[in-house]
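Okay, so chain A shows up in both of these, paired with chain B first and chain C after.
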Partner chain A sequence: MPDVQALVNDFLNKLKKRKIEGSQATAKQTAELLRSVISQQRVPYTNQAGALIDSVRAIGEQLIAANPIELAVGNIVRRVLHIIREEDLSLTTAAVTELNLSTISDDDDDDGGGNQDDHPVLSAAAVAAAARSSLRPPSLQMLLEGAPEFVAVPRSSSSGGDSEGKSKSMDRNSRTRKLKHDVIEAVNELIQDITTCHELIAEQAVEHIHQNEVILTLGSSKTVLEFLCAAKEKKRSFRVFVAEGAPRYQGHLLAKELAARGLQTTVITDSAVFAMISRVNMVIVGSHAVMANGGVIAPVGMNMVALAAQKHAVPFVVLAGIHKLCPLYPHNPEVLLNELRSPSELLDFGEFSDCLDFGSGDGSPLLHVVNPTFDYVPPKVVSLFITDTGGHNPSYMYRLIADYYSADDLVVQRRHSAVN
Partner chain B sequence: MSLTHAVKEHKERRKKDNNAVMTMVIKKSKPSPVIHQSRLGTDELFMAIDPDTKQLLCYEERGEHPRGAISLENSLLADNPSISLHNDKQDCYIDICSQEVLSLFTDNFDYQHLRRHFVKGLLVDDIMGYKIFTHEIHSSYAARIDNYRSYDTISKDIIQRWTYPFVPDVRFSANCTTKLEREGMYKAPEIQQSRSAHIGPFTVIGKGTRIGDDSRITHSVIGEGCTIGSNVSIVGSYIWNNVTIEDGCELRHAIVCDGVIIKAAATLEPGVVLSFKVVIGREFVVPAYSKVSLFQQPTAQDSDEELEYADSSSGAIDPSIADAGNKLNGDIVSESSQIQDWSTSQLGPGGAGFIWSACDGGCEEEWRHSVAPIPTDQLAKALLAIEEDSEIVKVSDSALTPSGELEPGSDDDDSDNMDDSNVDTVDFEKEAEATFLRAAQDNIAVDDLILEMNSLRLSYNKSAGDCTGALFYPMMKLALESPHNTAVELQKNVASVVSKWHKLFEVLAKEVDDQIELIMKFEEMCLESTKEFAPIFSQILYLLYEREIIGEEAILRWDDERKDADESDRVFVKQSEKFIQWLREADEEED
Partner chain C sequence: MKEQTTRAMWWRSPSFILDNRQQAQPYDTARGGALSIPPPPSTAMADPNPNPNPLTDKISAYYQTRAAHHGVVSSDWLAQAQAAVGHIPDVDDDAANSDQGAPPGEPFSVIDEFNNWRKQPDLAEAVAAIRALAAVIRNSQATTMMELEIELKKASDSLKSWDTTSISLTAGCDLFMRYVTRTSALEYEDFNSAKTRLIERAEKFGEISYKARKIIAMLSQDFIFDGCTILVHGFSRVVLEVLKMAAQNKKLFRVFCTEGRPDRTGLRLSNELAKLDVPVKLLIDSAVAYSMDEVDMVFVGADGVVESGGIINMMGTYQIALVAHSMNKPVYVAAESYKFARLYPLDQKDMGPALRPIEFGVPIPLKVEVETSARDYTPPQYLTLLFTDLGVLTPSVVSDELIQLYL
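After this line comes the complex of A and B, so read on.
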């Protein structure tokens, strides 16, 4: 698949050179890339889901390693893996139903073990076939033997004649194509969701912003922009304080946009947040990622705003598309909470080049400039999360993970064929 | 840096002006004022750039102008409406060239050095009219490594993340993920580090390295697969892959290449470079700024190619191949015996390799281009040199003028400004004296002397007052020199001299101010050099008045001026008080 490899390499390069800005753009491009990978992936006759999952995992591992701070990449990889499992599960369910068997209990939760016991009595061969060719929670035998075995179509155990076998194989063929087709459809839906997350969040603006309120925000977030403008459309009149968000000063851009759309805007420095917080009714901010415990990874300075809000009992509302929800906890060693960027955003290199002269003294730099990109905001200072699906408590966020992710995928690493 | 912007600019400029053949990328970086060297160990660079069009007009390296003075051509200033002169720019050695550059190199086949020959040639050349432009980068980073100091500086810049996103913890090569911890420490996976080892700030440790007990590593870069023993101290060094450092070693500001083995308790002093696979013996101290290699230093350097072969082959050539035919100097022992018999090597017991002595002519400047920071004694020397330079400017000319004037430097505040004029005055006075004496000796007529004095005065751009002062002194001296016993006789002598030369003064001392100047000069003379005149001051004053050399107005004004002066100044005034009194009465009588 040379085409796909070229695409993957291209995307990897962009990630490594930090050319893609913003979790929404990253998520969308990741999803599109994975869609291409899936569509070009040749699946074997059996256990096609396994093959798909392996290939997605392999590429996903590279993508995550290229930019570990961009958690949206990992999120989308896990979402796609979850989609594959889901689709496979639903297809298996349908197949078993086709065989005129009562439905297998539909477990979304992959952790629910011991499903075999819940099955009604079936012909053992069919059950075995179904179990082997899908990715249900593994039986003890499979656990002991490691990776799910790629068992050939149970021709040997087929209880029917050739015609049945043929029809079964026909089913499998169509099922192969159907799986890929379904998965790709689901990924398309995912891309659609990512693209439209702003609108879904903005629809809820009217419930939260009331007349004559003062809103504070930091830096620039497209979600926040759409949110505020939607409230304006609904004829709410309110004022916005924008903290500029040093060192990139993206707050300036946001202020310009808001003023262009007719909102009364005030620009303040980050250091003035504590001074102005007493005049503010609500703080509404965007985020980079939301962790499983409800903590937020947000642009630098956000923790300060959150603490100011807490101290003055101002509600701190975080807007996050569901693609930003990460199934990992902040204490997970894989998670990098921060990334230090180039100090040239803070200081001009030329002006300070005489402080950076390593030739004198003992060669150690006397001037060290640190430029962190993100802040971690603990869940207890966040009042509300507004996502595509509505408003949630920070302590509720972990429940959403189960809807979107599978437990097997939390560590996106290729499983080696040999047992560890 | 991203080249897109620079290339786009170059292309647009080229569309408008066909002569714009090259765009040079530059970056602001201040050189060190003490040792006159940029951060990267290159000489200070001087550039003249047109601020509107960004054209490069002049490019000079300080090495050719050791005193730090550059001479610019007039045409440079005449042809360009505005120029800005910079010495805080660093040449990134990234040039975006058009096709003409290649043809220029074909035409001038003896261009060897890009900047010294090609750029200078292009700037000086008027015929073709090719222009070089500059592109300044601000937040991006670009630099060239061409000596050890720039290797050190740029490594430290990368560790400090000025080159983001090209930093050690972004996974560009597909092997491992290095993590950035606090205080600038980069650690790759699978490091085995003893609990008591201390890894300090701004270090990069590669994959699979083992570090023993109580070792201290700070400000260094360590490669993959290294084995570092216990009690090792590594400061500011660059250690490449697969190096073995045994217990108790000490490395300061050194570069150690692949596969080196450093045996126990060895010490590397600052600035040492160990080439590939060298072995340093036990307890051996490698002297500072030395370079050690498995191959002997090539001595007979007939041509550059030989040296290049030697450099490129070090560390890569299999000893057996080297044995076969590579004889750079006559006294190479055959390689095979070298491998077996290292016991007599220069590097201590068990060592293997040769220390290359510093190349001739470069050993004084080793510290400039080395990985080690500049030693404090060199810095002190450089600082001292700067102070001496500034002192020379302040020391004023201390020559004693012949007319006995006080030293200009002792009283005045702005003695510096008066240096030049004082030198001139001294010369002038000497000339005047010489002229007068010659005239006196050779009995030249007064008119001729007047002519001579005038021409002298004009040539020295002096006023008449200066002239009178200058002449009065030798005249009085002449009077003094003629034999006399008493003051009266002296007075007579003066009278005779004055009568002889009074016409001179009539011409020169016409203005009142000049006459006052004369009186004051006489005062000074009486105080300082020719004290014999002191008692007869008033008499001589009267004499001069008689002879109409000085008028009453001058005397009266002199008296007025001295009214507020100190007692010491008024000595002569008191002496001549009777005379002045008489003058005043005469005035009143006239009125």
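After this line comes the complex of A and C, so read on.
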């Protein structure tokens, strides 16, 4: 346990000091940290999933608090929680089915099914149905079918432990290890997915980029780089305009990289976007996070590009790996928080120190510098999202999110004010 | 429905004059009736059967009830409502007793049952419909599932045709029928236990509806921030619940209530909010655009949520949504998921009209036509988000949910 705590503290420090750049790196490291948390966690015989969920949640809470702007952390925590629930349910279902097949025991204590008064043979089907439905988001279908019993998933996951406790014939130790093993396996898969999401997105490049087109992008994104290069490798010839992305000028790096890979590249200033947009066939950009309503949190300046694209009816395409899908809505104040970076990126302190002097006048400087990191791009200006599962409309993002996260995990921090 | 639609189409063309001449007779009676005897809410409440037959004079029973429940507050109205609420258990028992021992001479009527339930101001229309259908099951002499289904289908059809203007009624009936006909949980059971299960579920539905309101209120808390101004149109129990919870959570916000003619439901809502010490300001319906720049968000309820993701709500919602959209203000809809209806209106006149008498205070000359429709349709592009018990949804999710359920 102590070495996990050290790892967590180390990661927390890095997050707080903003040492980790980019949501992919953050997501990957978060997943790896949570994996080691899970593997170190001692699980009790009953309610193992509950114990895992609690420990992951506790650490997730700290991680999210350390850098609330980096939504990828929260996304991964929620994904891992979802994975634990999923694995637990599949195990429980398998176990109960087995139980019913081998010995027709009275499993009226198995409250996972919700209909205890049934014949035992039926309740296996019921449990299976319940397992399927409790992970799905609430739907109209379940309104009358007695969904309320399954709202508290930690309880229903404890039912897995209960039924297990009753089944003396089962080899407990192997089961205990099995859940943990399965979860770790799934988390490994998740890490794998995060690592390879560039490639999956890039594979679709040829469908979107056509011969002799002009593509505009802003700032630097590894996903965009891979995407453009994938199209190039498929012998498409096209030009790329790179807006430099002040104040960090990451566009310069992207332009250099693109040119090195043999793409025709033009660097423009951010303020020239509107002037150039009429020549552009498609805008392809990366993102920081994608919200549940299809809105995008992206590097500063993106909203301007999106509006320019809309004005000229140029498709505005956003590339996003799965770790960027965030189940929150941007109206949440905690999400609306923007990160303000150091003014030194804008102004040279030596030159402007006179204006920034706190000693002059009434004690506050006349010159202020505000350097926000992110823009919120509303969903109506986004034409298409390309994720590793394909292209999606902004209004469809909720669907992907519903597949990846369970409704109970949406609020990680304020657990007690969560939906009952 | 078809007839109404074709008539609606006629109205577009100059031939509406001809059309009107043919329609003149029922029209005049409807309006004349409204003028000569403007029904004060209190009499409507006191009336044992307050629902004028919608088939003869085309007055929407649904909106009549709404007006009675949520219209302007007068002291005697409050007394009536209090009496009604206090009376619920008795009504309940009476209904139950009469159901169980249905005398053979007196045929059970699903419509009467429905009317009994809907008189309670706190009970949603869909809940009343489902309760009424449960009573059908209880009274049924059927011995097989198929018979029961046919009987239920008949009852639900008669309920639906009794008041075609009530979307919640239709949606509630559809939802319950869907549950009866397609639920896998019933497959292996014997008939009697299936029957009890159905009744039990139906009776729980009231609870579900109540819980739904709580969930919606909780979901929407994140969206109400300190110092915001909320514009509310019409009286909606869900919206009231949302604002109530926000007030309980010590949020600082103020509310603009539209007056909500002709029922003046806004007066009722502002009264309720004032009781909660929420700063509230009443606007006349035409002052919405004037005050929109002060507003941070618009909150409305819905009578029905249609497949396109748009909503059908009290008259005036559409124009408020249009104004809000043009001024870039979010429009939030709070609606329980059982209000999702399988309708796809293409424009305002696409639904059968739901008419309501409108009182102008002065006599209107007979030659002057009065627009008496009680509701309008707000297309999805003017709505920002829907708060439902299924979660916070974008309008496009609604059709998804409906397709999942009914396909």
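Convention: the second predicted complex is superposed on the first by the 340 of 420 C-alpha atoms of A that agree within 3 Å, B and C clash if a C-alpha of one lies under 4 Å from a C-alpha of the other, contacts with A are read in each partner's own complex, and residues count from 1 in each chain.
Throughout what follows, a residue touches a chain if its C-beta (ideal position, glycine included) is under 8 Å from a C-beta of that chain, and two chains touch if they have at least 3 such contacts.
Given the structure is predicted, the values throughout are model-derived calculations rather than measurements.
*Asks:* After lining up the shared chain so the two structures overlap, which partner does A:245 touch, if you call chain B first and chain C second: first, second, both or neither?
*Replies:* So A:245 meets neither chain B nor chain C here.
*Asks:* Which partner chains sit in contact with A:329 here, chain B, chain C, both or neither? Use first/second/both/neither.
*Replies:* A:329 contacts chain C only, not chain B.
*Asks:* When the two structures are overlaid on chain A, which partner does A:219 contact: first (chain B), second (chain C), both, or neither?
*Replies:* A:219 sits against neither chain B nor chain C.
*Asks:* So, does A:344 touch the first partner chain B, the second partner chain C, both, or neither?
*Replies:* Only chain B is touched by A:344; chain C is not.
*Asks:* Pick one for A:74: touches chain B only (first), chain C only (second), both, or neither.
*Replies:* neither
*Asks:* Please indicate which partner A:295 is in contact with in the superposed arrangement: first for chain B, second for chain C, both, or neither.
*Replies:* Once the two structures are laid over each other on A, A:295 reaches no partner at all.
*Asks:* Between chain B and chain C, which residues of chain A are contacted by each of them?
*Replies:* On chain A, no residue contacts both chain B in one structure and chain C in the other.
*Asks:* For the complex, give me every residue of chain C touching chain A.
*Replies:* My answer: residues 175-176, 179, 183-185, 188, 201, 204-205, 208, 211, 214-215, 218-219, 221-223, 225, 330, 337-338, 340, 385, 389-397, 400-402, 404-405.
*Asks:* Which residues, counting only chain A, touch chain C once they are in their complex?
*Replies:* 115, 119, 122, 126, 129, 137-141, 143-146, 148, 292-294, 329, 331-333, 379, 395-396, 398-399, 407, 417, 419-420
*Asks:* In their complex, what parts of chain B are in touch with chain A?
*Replies:* 27-30, 32, 34-35, 37, 39, 41, 88, 138-141, 149, 152-153, 156-157, 160-165, 170-172, 177, 179-180, 184, 201-202, 218-219, 235-236, 253, 372-374, 379
*Asks:* Quick one: which bits of chain A touch chain B in the complex? Just the residue numbers, please.
*Replies:* That would be residues 16-18, 65-66, 68, 336, 340-345, 348-351, 353-354, 356-365, 368-369, 371 of chain A.
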